[in-house]
C-alpha cells in the first residue's frame, strides 16, 4: 500500500489531521519493511509513534488473553507462524496458587500439554477461589509466579507454547 | 503513622495523596487500572499495582481488588480519594475486617449521613435549619398537595433514591403539582427502582456555600472557613472560592458554628464538608454532608496554610489535631477553577483525547493540581477533570485578575481537545 | 499607573514581570533577541519586539536598542528585570531623558551604591557594622601588612573593580600576604584594567543573610524580613530561604532594623536588598546593596503574601506603599531551589540544550517560576537558570520535605541535559 | 535514498535513538516527494517533525541575511533556481527612513538595480543615523516598511530579486 493510498483511504475522520495521517502511514510503511527484512518471524511486535501504538502477536488461534490493539486507523496484517509462546494472565488481583490445597500436587507441571478449559491454578481474592484455566491448546513452558505469591491484574502467570492445530 | 498507604483512586487526587505521603515519609502505593498505567501518580509512588481493566466496577470500585492490592503491597491504610469507594461504608468495614485503616469517616457515621432524610433529621435535632420540606417521603398526590401548600412554591420534587442532580423536578405553582408528581414518581421507579419522592422548597437564586470541618478521634472539632461553590454546570461545580463573597456580615460565622455543631451531633471523625444553601436574605439551610476529601479542598488549604490530606492521614492514624480553632487564621481570597476536557459549547460533553501540548500556568500565588502532562492520553471511561488551577491574592479582585492571567497562560492542545477554559473566562469576566 | 511597560529582559524574570503586568491590566511588551523568539514571556505578552542578535551587548545590553524598542511599542516605563541593564545608572538616566520611567532605584542612588567602597562608607556613617577592613584601596605591600595586622587573619584581598566572586583571594596568615598581594594586584590590573585592591576580614563559616526592603518615593520604608542565601556554588546562590534558620534570637530584628536604616541613609526608592554576613557568634556585617528585584524574591513573596513586582511597579509610578511595617506579617518557611541546566559533577558547567521532556512539580504549597516548556531549546549565550521551585510550609522541616518531594517530581530530560537537581537533593539531605 | 540507507548513514549521533532517526528519514522521504511533485519550484521550504526543523531557501547566491538552518542531521539538497527574492533586514531597532532627509528623494525606487554597498535607507536609533546598504546584486522589487515607521531588529525592509550573475 502506498503512503498516499493509505492516507486517502483513511481520510474520513474529522479529528485526524492530514499530517497525523501521514505519520501513521510512514509508521505503517516502516513496520512493513521491518517485517519483510526480519530474519526470523517475530512472536510479538510493538510500534509506537507519538500517541499511536500498535501491538501484535502471532499465535495461529487468537486466545482470550491475547490482545491485538490497533489504534486510530493504523493496521498491520498478522502473519501466521508455526509456533509461539502465549501468556495466561491474572484475571484479578489476589494470591496465586498452583495447587488445589496446601501440600497437594500442582494442577500442571512444565512440559504438560494443556487444552482450553483445563485448570492451571487458582487466584484467591478475599477468600474467593477463582480458577485459572487455559484457553488454548499447547505445552506449558514455564510458570512465571511462585506458589502463594501476590499477583496483580493482567500479570502473566503461565507461558504456553502453542501447537499448530491448523 | 502508617507504614504504607494504598491510594485507591486515579487522576489528580491520587497524585495529591501521593504527594503528601512522600512529604510525610510514608511509603505509598497506587492502585491503577490498565488504562492508567502511565499516570503521574504512579511515577511519584513507591509502588503501583494493577487492580483491573478500565471499567471502574472491575477495578477502582471493586472491593476485593482493592483489598487484595492493599494486601499485596503491605499497606496498613487505604486512601480512597473522592468518588469511587470514598463514601462506601461497606468498604470501610471490609478494610477494618482486614486490619487496614480506611482513611475517612467511620462507617456508621458515613451510613447515617449517606441517608439524606436521616441526615437532615439528625441535623434538625441538632438545631441546624433545614429548607422547608417534607422530612420523609410523600405517598400520594393528595398528601403532596397538602404539604406543598405549607411549604410554598416554587418547590422541588426529589426522588429519595436520586442524587447528583438526577431525579429532581421543579414545580412552579399548584397547577403543575399533580402532573409533575406523577411524572417524577414514575421516572424514579423506572430509573432507581424506587418511586419514593419528597418535597423541598426551591430557592432559584440561592448560593451553594459549604464549610470545611476537621475532627479528630478525641472529640476535637475545628472548622477551616467556608467555600462558595455557586458556579456549576450540570450540577457539577466549576469555580469555588473562599471566603464566600457577597454574603451578609456575620453569616460565615453562623455557617461555621452550625457545621461544627453538626459535626459534633454526627460524631464525625476526619475531614468533612457541610453543604448549605444561602438565600438572598441571608437565611441558610443545611443540605448534606460530604464525608470525604473534596475536589475543591485546595481553596481552603491556600487560605489557611493547612495541608488537608496531611490532617486526614494524621486523624486516621489516631493523632490529635495540632491546632485549636483560634489558631486557624484564614487570610486573603483563594479561587479554584476546574479545567475539564469537555466542550462548553456542546453542553459540557466530555472530550477525552490526546494532549499534545500541555503548559500549565505558574508564577506568583498560582497552584496547579494536575495529573496531565505533554503526551497525556485521557481515557474516556472516567471523569473529565484534567487540572485544578488555584490562585491566592490578598483580596477578591486581585484573585480574579490573577485567575484570568493564569487561565490565559494555560496551554492545552491536541486533536479534538476542548476544555472548560473559555467558559471559565466568560464567568470571570462578569462582576458576579 | 503606566499604560505600557516594556520588559527589557528574558527568561523567567521576563515572564514574571509580564504576569504581574497582566494581572494589573497594564499593557506589556517584551524585548527579545533572535534566539528568544519562542519565549514563554512573549506568548503571554501583548507585544514583542526584537532588539538584536543573541550576544547581549548588541541586544539586551544595548541602551539604544532598548530605548528604541520602548519607543516603538509606546512604552512609558521599562522594567529591566535583574542582570543586564537593571543596575545601570546611565541607562536609568537615558530612560528619563526620553520621558520613560526606569522601574528601579533612582540613578544617583544606584551610582552611589554601585561603588562598593563609597556604599560601605555611607552605611558605616549610618551606623551599620562593617567587616573589619580597609575602607579604601591599599597602595603598597607595606601598607597592606600594617593594615592586615589591625584586621587580623584570615583576610581577603579584593579587587576594587571586581565583583560576582571574581578578583578575590584569601590570605591565611602574614607569611602569605606579600605574595598574594602582588598576585592579586597584577591579576586585577590585567583583568579589570585597574590594579586597586582592598583588604577585608575573611569569615570562612559566615552565613549570607539579606534583608528585603520596599521604599516608596514618599519616605516610607518597610522591610519584608530576611533571606538566607548561604548555599552557593561558584559564588552563585542555589538555595534561599526565609526566615533565616539557625540564627540567634533577635538577630533577624537587628538585621531588618539595620537595612531600614541603611535604606533611609541611601535615600533608597524601590525594591532593594541589603546583604549581610553573619558570623557564628551572631555578629553581622553590611556587605552591599542589590538595587534590583532579585532572583530569590519569591521566597519573600511566599512568606509575606506581597507581590514584589506589583509593589515595584506601584512605587515607580509614584504611588504610596499600601501597608505599614506592622501590617507585614511573614508566616511559615519558604525555600527556593534554582534548577539550572548545568552539570554539578563537572563544576557546574553550563549545559544548554533541547528540553524534550519538561514536567514541573505542582500541588500543595509549591510554586514554580519557569520559562521552560516541553520542546524548549535553551540558548547557550545567557545564564543557565531554567526554573525556580519555591515551596512553603508552616515550619522548616515541612518545607524541606516538601522541596524534596517537589524536586523528585520535576522531570527534565533531553539529549545531554544535566541539571542542578541532584546537587540540590544532596544539600537537602544534610540536616544543615 | 532508501529509509534504511539514510538511517544507517545517520546512525552516528550518540544522542539520537534509532526510532527518531527513522522519523527523520521518513520526513526526508516526504520532503523529497513533495519537492518532486511541486508544480513550481518553491522559494522557501520549512519542514518540522517533533523537535526537528529544516528550513531552506533557494537563491543562487546566498546573501548575508539569508538563513539556512538545517538541524540535527536531517538534510535536503538545495535545488538551484534562476531567480528568487532576497530580503535586506534591519540591523538594529529604530525608525526607518527611505530618504537622507525629510522631503528629499528616496535612496532607491522599486525597479532600481542595486549592487553591494549601495545605500538603500537609514535607521535612526537614539539620534544615530545607521545606513542600510545592499549586500547583493539585484533589482528592488518592494519596500516593505513605510517611511518613518519603527522597525525591529532583523525585520525585512527591502525585497530584492537577485540577478543571475553565474
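Letters A, B, C and D name the chains as they come in the text, with residue numbers starting at 1 for each one.
We adopt the following convention: contacts are C-beta pairs under 8 Å (C-beta built on N, C-alpha and C of every residue); 3 or more make two chains touch, one makes a residue touch a chain.
Just so it is clear, the structure is predicted and the values come from calculations on it, not from any experiment.
Chemist: By label order, what chains touch chain A and chain B together?
Modeler: Neighbours common to chain A and chain B are absent.
Chemist: Please identify each chain that touches chain B as well as chain C.
Modeler: The shared contacts of chain B and chain C amount to nothing, since no chain touches both.
Chemist: What is the Cα-based rotation angle between copies chain A and chain D, on a 0 to 180° scale and rounded to a multiple of 5?
Modeler: The best-fit rotation has an angle of 175 degrees.
Chemist: With centres defined as the mean C-alpha position, give me the chain B-chain D separation in Å.
Modeler: Chain centres of chain B and chain D, defined by C-alpha means, are spaced 57 Å apart.
Chemist: Could you put a whole-Å number on the gap between the CA centroids of chain C and chain D?
Modeler: It comes to 40 Å between the two C-alpha centres.
Chemist: Mind checking the centre-to-centre distance between chain A and chain D? Centres are C-alpha means, answer in whole Å.
Modeler: Centre separation, chain A to chain D: 52 Å.
Chemist: Can you pull out the residues of chain A that are in contact with at least two other chains?
Modeler: 50
Chemist: For chain B, which residues are shared contacts with two or more other chains?
Modeler: Residues of chain B never touch two or more of the other chains.
Chemist: Spell out the part of chain C that touches chain B in their complex, as residue ranges.
Modeler: 15-16, 19-20, 22-25, 40, 43-44, 298, 301, 305, 307, 309, 331-332, 357-360, 362-370, 373-374, 392, 394, 398, 401-402, 404-405, 408-409, 411
Chemist: In their complex, what parts of chain B are in touch with chain A?
Modeler: That would be residues 34, 49-53, 59, 63-65, 67-69, 71-72, 94, 353-354, 356, 375, 377, 415-416 of chain B.
Chemist: Within their complex, state which residues of chain A touch chain B.
Modeler: Listed in rising order, the residues of chain A that touch chain B are 15-17, 20, 50-51, 92-95, 125-126, 128, 150-155.
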